[in-house]
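Taking it in order: structure first as C-alpha cells, then the write-up.
Chain naming follows the written order as A, B, C and D, and within any one chain the residues start at number 1.
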Amino acid sequence: MSARPLYLDNAATTAVDPEVIAAMTACLGTDGSFENPSSAHPGGARARQLVEDARERIAALVNAQPGEIVFTSGATESNNLAILGSFDADPRSRKHFVTTRIEHHSVVDTAHALEARGVEVTRLDCDAKGVVTTGQVLDAITDATALVSVMHVNNEIGVIQDIEAIAQACASRDVRLHVDAAQSAGKIPLDLGGWGVDLCSLTAHKAHGPKGIGALYVAGGVTLAPQLHGGEQERGLRAGTLATHQIVGMGKTFELARPERDGPRLAKLRDRLWRGLGEIEGIRLNGCRERCAPHILNVCFAGIEGESLRLALADIAVSAGSACASDDPEPSHVLSSLGLSDALAQSSLRLSVGRFTEPADVDRAVERIGAEVARLRALADGAPAWCST
Amino acid sequence: MSARPLYLDNAATTAVDPEVIAAMTACLGTDGSFENPSSAHPGGARARQLVEDARERIAALVNAQPGEIVFTSGATESNNLAILGSFDADPRSRKHFVTTRIEHHSVVDTAHALEARGVEVTRLDCDAKGVVTTGQVLDAITDATALVSVMHVNNEIGVIQDIEAIAQACASRDVRLHVDAAQSAGKIPLDLGGWGVDLCSLTAHKAHGPKGIGALYVAGGVTLAPQLHGGEQERGLRAGTLATHQIVGMGKTFELARPERDGPRLAKLRDRLWRGLGEIEGIRLNGCRERCAPHILNVCFAGIEGESLRLALADIAVSAGSACASDDPEPSHVLSSLGLSDALAQSSLRLSVGRFTEPADVDRAVERIGAEVARLRALADGAPAWCST
Amino acid sequence: MNYSSEVLQRFGLPQADGAFPDETEGVVRGEAEDRSLGIWIRFDVQLRDGLIRAVRFQLFGCPHAIAAASLICERLEGKPARALAGIDLQAVAGSLDLPVEKYGKLLRIEDALLACRQALGRSQDTSEARKSCDEDETKDS
Amino acid sequence: MNYSSEVLQRFGLPQADGAFPDETEGVVRGEAEDRSLGIWIRFDVQLRDGLIRAVRFQLFGCPHAIAAASLICERLEGKPARALAGIDLQAVAGSLDLPVEKYGKLLRIEDALLACRQALGRSQDTSEARKSCDEDETKDS
C-alpha cells in the first residue's frame, strides 16, 4: 500500500498541474517574463502579451470575449467586486439584493455589508436537496432589485443550480445576474455568453491552478464601480500590478481544463466512492444525487459524533463543511439549510476528488472510513436515539 | 558584449530570486504544500505553518510582531485597506485625510474615492526636491483628521521622507499614520515598531519576490474595517483563500533582503550610473541627491523630446514616470509637483537598479543612453530655447 | 481544535472501550447523557472483593470525552469501590490538557460513575464514601 | 504608443538628417515650429538646375515627425523645386500609418517646406506652382 497521503479535499483547493507550474515558473526569474505588464518596454509588452493570451484562454473556456474577463485575486474578491460594484454603479440606486441561503461566505458576508449600507437582502431557501428554483427567484424580484446572485455549484454539497433558467428569468425582469462559478469552472461546461449571465466569479485554485488569482466575467455593457482604487489596470476595474505568473497560471489551468472529459472522469471516481461508502450502515447523502457536481460528495454518518469522526479520519484530507470555516465549530449554514440538525451537520464530511485522485485512493479511503466508522459506532453501541438524529 | 537585455526598471518590478522561486514551487504540486492553509487536516496545518513562518520573517524585517502582518494581494490593496478601512472604522467618524501630492496612484485614487464619500482631503505640496516636511504635516492636521498617509520612498524620484519624524508628529496629535513602503522594504531599514507607524503597506515584487502578494502592517491596537468580505482569514481583516506559494515567496523575499548590505550595493550601482550619465550635457537629476532611495535615479534630458527619447531607448528597460502610467501620455504628477514643465517631465527617465544589475550593465546603459542622446541632440541642433525648458 | 498527545493517544487506542457480556458476574452498569452537550456514556464496572477489577466504557461524544473515559477506567482499576464516587476531575482535566469548554462533559462522565456507585446498592453514606475516596485520590496523584 | 515599421525604420536611421555647411551653394533653408505641439523643424534644400538635388532636416519632436520628415526628404530628391509646395500629406500619413492625433505636426512640416519655397525667392505665383506640383505628386504616388 502506497504511503501517498489521501487527498480528498479538492473542493477546498487542488494541487497545481505540472504544466501550470512550468508556465508560472517561466514568468518569474531573470530569464523569464518577469517584467511589469504595464511597462512600455519590450519586456513589458511580452508580459502584457502573456496576460492577454491567458485572458483569451479563460474567456474561451466559459464562452466569453477576452475583454469581458477582469483579473482579481480570487473568487472572494470577484464576488465582492461583482456585488458591491453593481450596487455602487446602479444608475437607479436600487436597494434590493436577491441571493440564496447556501452561498459561499464571500457572498454571505458581502450581503451583510450591503445591509449595513441600507440594502434590503432577500435570501432564498433551498429545498431539502439544496435546489433553488427559478420561480423562487422570480417571486423575489421587485422593482427595487438591482442584482440577483446565485452560485452555480455549491462548495459544500455540490448541488448544481439551473443557471441558464435563472439567467432567463432575470433577463425577463431586466435584473442583473451574478453567478459564483468558483467550483464549476473546468468541471462543468460554462456557457456564460449563451446563458446571458451578467457577472461570473472564477478562480484558478479549484481547478489545479494557483491560489490567489481569479477573474470576474463582466458581460459587455455591464457597468461596475471598481472596489480597488489606483492604476488603470483592467480597464480601471481592478487596480494593482498584474501578477503575470499567476495570470499565466490561470490561463494554462483553463486551457488544460476539459469539462467534457474531466467531468465524467471525476464523476466516475465520486460514484466509486459513493458505492464503497454506501455499504456503511446509516450513511446518507447530503444534497442531490441527480444534480451534483462531479467532484463533490457530502455524506452524513448518523450516530457518530462529528468531532470524533473528523479526528479519527485526520490522516485523510477531507472537509467538514467548507475549508474556510474549518476552525469554526459552528455547523455549516449550507447543511442547516438542507434541514439537518446541528448534530447531523457535524457528523457530515465533504469528500472531493480531483485530477490527481486515482481509483486506488478512493478504495483506500473507503476502507479507512469504513474502519473508523465501525470503531466509533461500536464505541457508541447502545447510545440513545438522539445521537443519530 | 553580452546579449543580455538591459533591465533598469527595478522600481517597476523585479525578477524573482531563484531561492524564492524554489520556495514557491515547493508549495504548488502534488508533492508540495498545496493544501488550503485553512483546512483542518495535517496538510492544511503544514501549509498554515508555512504561512505563519513567512509572516514571522516579514515581521522581522520591518520590526513588527507577526500578528501585525495582514496578507493582501499587493501594496495597492494594502493602501486601499489602510485608508478606506481607517475611515470606515473611525469611532469618531472624522472626515479629514492628510496626504501628499506625490503619492502612488493607489493612494491618489483612494483619496478621490474618499472625497466621493464626503471626506475632505488635504494634499501637501513637496518642495522642488520632492521633500515634505513634518511642519507641513502638523499644520495640516485638524480635529477632524482621522488619518495621515505619507509614502516612505517615492516610486518615481526615489526621495525618502522622514517617516520617523512624521510618525512622532502624528503621535503628538493623536492621529493615525499610514506609510506606503512598497519601494523601501528590503532596501532601506524599516523600524515600524520603533518609529510608531500605525499602518504600513508592503509588497513583494519590488524586492525580488512575486507579484500579486503584499501585506499591510497593522500595529497592535489599530482597528480597521475589512474591505473584502467573506471568510475569517487574516483575523477577519482580509477574506480569501491564502495563497501559500505567494505568501511563502514573500516570506523568502523578506528573509533574503538585507537592507544594510543590499542598500549600499544598490547605491553604488546608482552612483556609477549617475557618474556616467553626468557626463552628458544638460542632464539634470529629478529629486534629491541627499535623500534618495538607493535604487532609483530619475534624470531629465533637456532638449530631447520625450517620446523620441523613450523610443530611442526602447531596448533598455527603463520607465518614463511610473510603470503603472506608462500607457498614459499625461506627464507624471510627481514630476509636475517638483515644478517641472510638461515638456521636461516628458523628457525624464527613471532608471532603477536591482539585485541582478551588474556594473557592466550600468556601463552599457550609459553608453547606449549617451549615444542616443547625442544623436537626438544633433538632430535637434539649432532648435529654439523652448525645446529645452 | 488542538489535541494533547494524551488525548490523541487515548482517542486512537482507548484502553477500556466496550462492555461486559450481559451476564458477567459482579458487574454494575451506570449511564449518563446530555443531549445539549452531545454526550452519552455508559460504564460497566466489575468488582471483586470490594475492589474494582475492571472497567469498560461506551461513549458517544468528542475525542476529549473518549480520552477522559479511557483515562478514568485506567485509574479506577484496582481501587476500592468507593473510588467510583471520588474521581478527581481536575486531575483528569490536567492530565489530558482539556480545554475548559469541555469540563461540562467531565461532569456527565462523573454522573455515570456515580450511577454505577448507586447501582452497587450499598448502604454506606455516599458523602462519607466520597470523603475517603478523596483521601485515596490525593495519595494517588 | 504603437509605431509602424515604416516609422521605426526611419526613426532609427533617418535618411536625410542634418544640415548643409553654412556656405554650401544653392541651399535654401526653411523653419517652422509649434510649441504647443512640441515640434520644431528646419529643412535645408539644395537645388541645382531647378531640381532638388538633396534635402536635409533637423527636428525636435516625436518619432512620427522624424519619420515623416525623413520620408519627405527622400520623396523630394530629384523633383522640381515646385514640389516643395506640393507634398501630399495624406500620402505621407498613409505610408507611415500615422495616428490622426499626429496630423497637426505634418502641417508644421509642410510649413517649413513652404518657407524653403519662399526662400527660393522666385517670382512665380505660389498657387500656380502648387497646382502643377499637385499634378507631379499624383503621377508620383
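One rule holds in what follows: contacts are C-beta pairs under 8 Å (C-beta built on N, C-alpha and C of every residue); 3 or more make two chains touch, one makes a residue touch a chain.
The model shown is predicted, which means the values in this text are computed figures rather than measured ones.
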Contacts common to chain B and chain D (chain labels): none
Label of the chain whose CA centroid is most distant from the centroid of chain A: D
Length of the line joining the C-alpha centres of chain B and chain C, rounded to whole Å: 63
Distance from chain B to chain A - Cα centre to Cα centre, in angstrom: 34
Rounded Å distance, chain C centre to chain D centre (Cα mean): 104
Set of chain A residues in contact with two or more other chains: 40
Chain C: positions in contact with at least two other chains: 1
Pairwise touch network: line, ring, star, complete, or other: line
Touch relationships between chains, expressed as pairs: A-B, A-C, B-D
In the complex, chain B residues that touch chain D: 303-305, 307-308, 311-312, 329, 343, 346, 378-384, 386-387
Chain A contact footprint on chain B (complex, rising order): 5, 7, 9, 12-16, 18, 20-21, 24-25, 28-30, 32, 34-36, 38-44, 73-74, 76-77, 79-80, 104-110, 112-113, 203, 205, 210-213, 227-233, 239-246, 310, 314-320, 323-328, 356
Chain D to chain B touching residues, read off their complex: 1, 3, 8, 11, 14, 17-19, 33, 35, 38, 40, 42, 58-63, 66
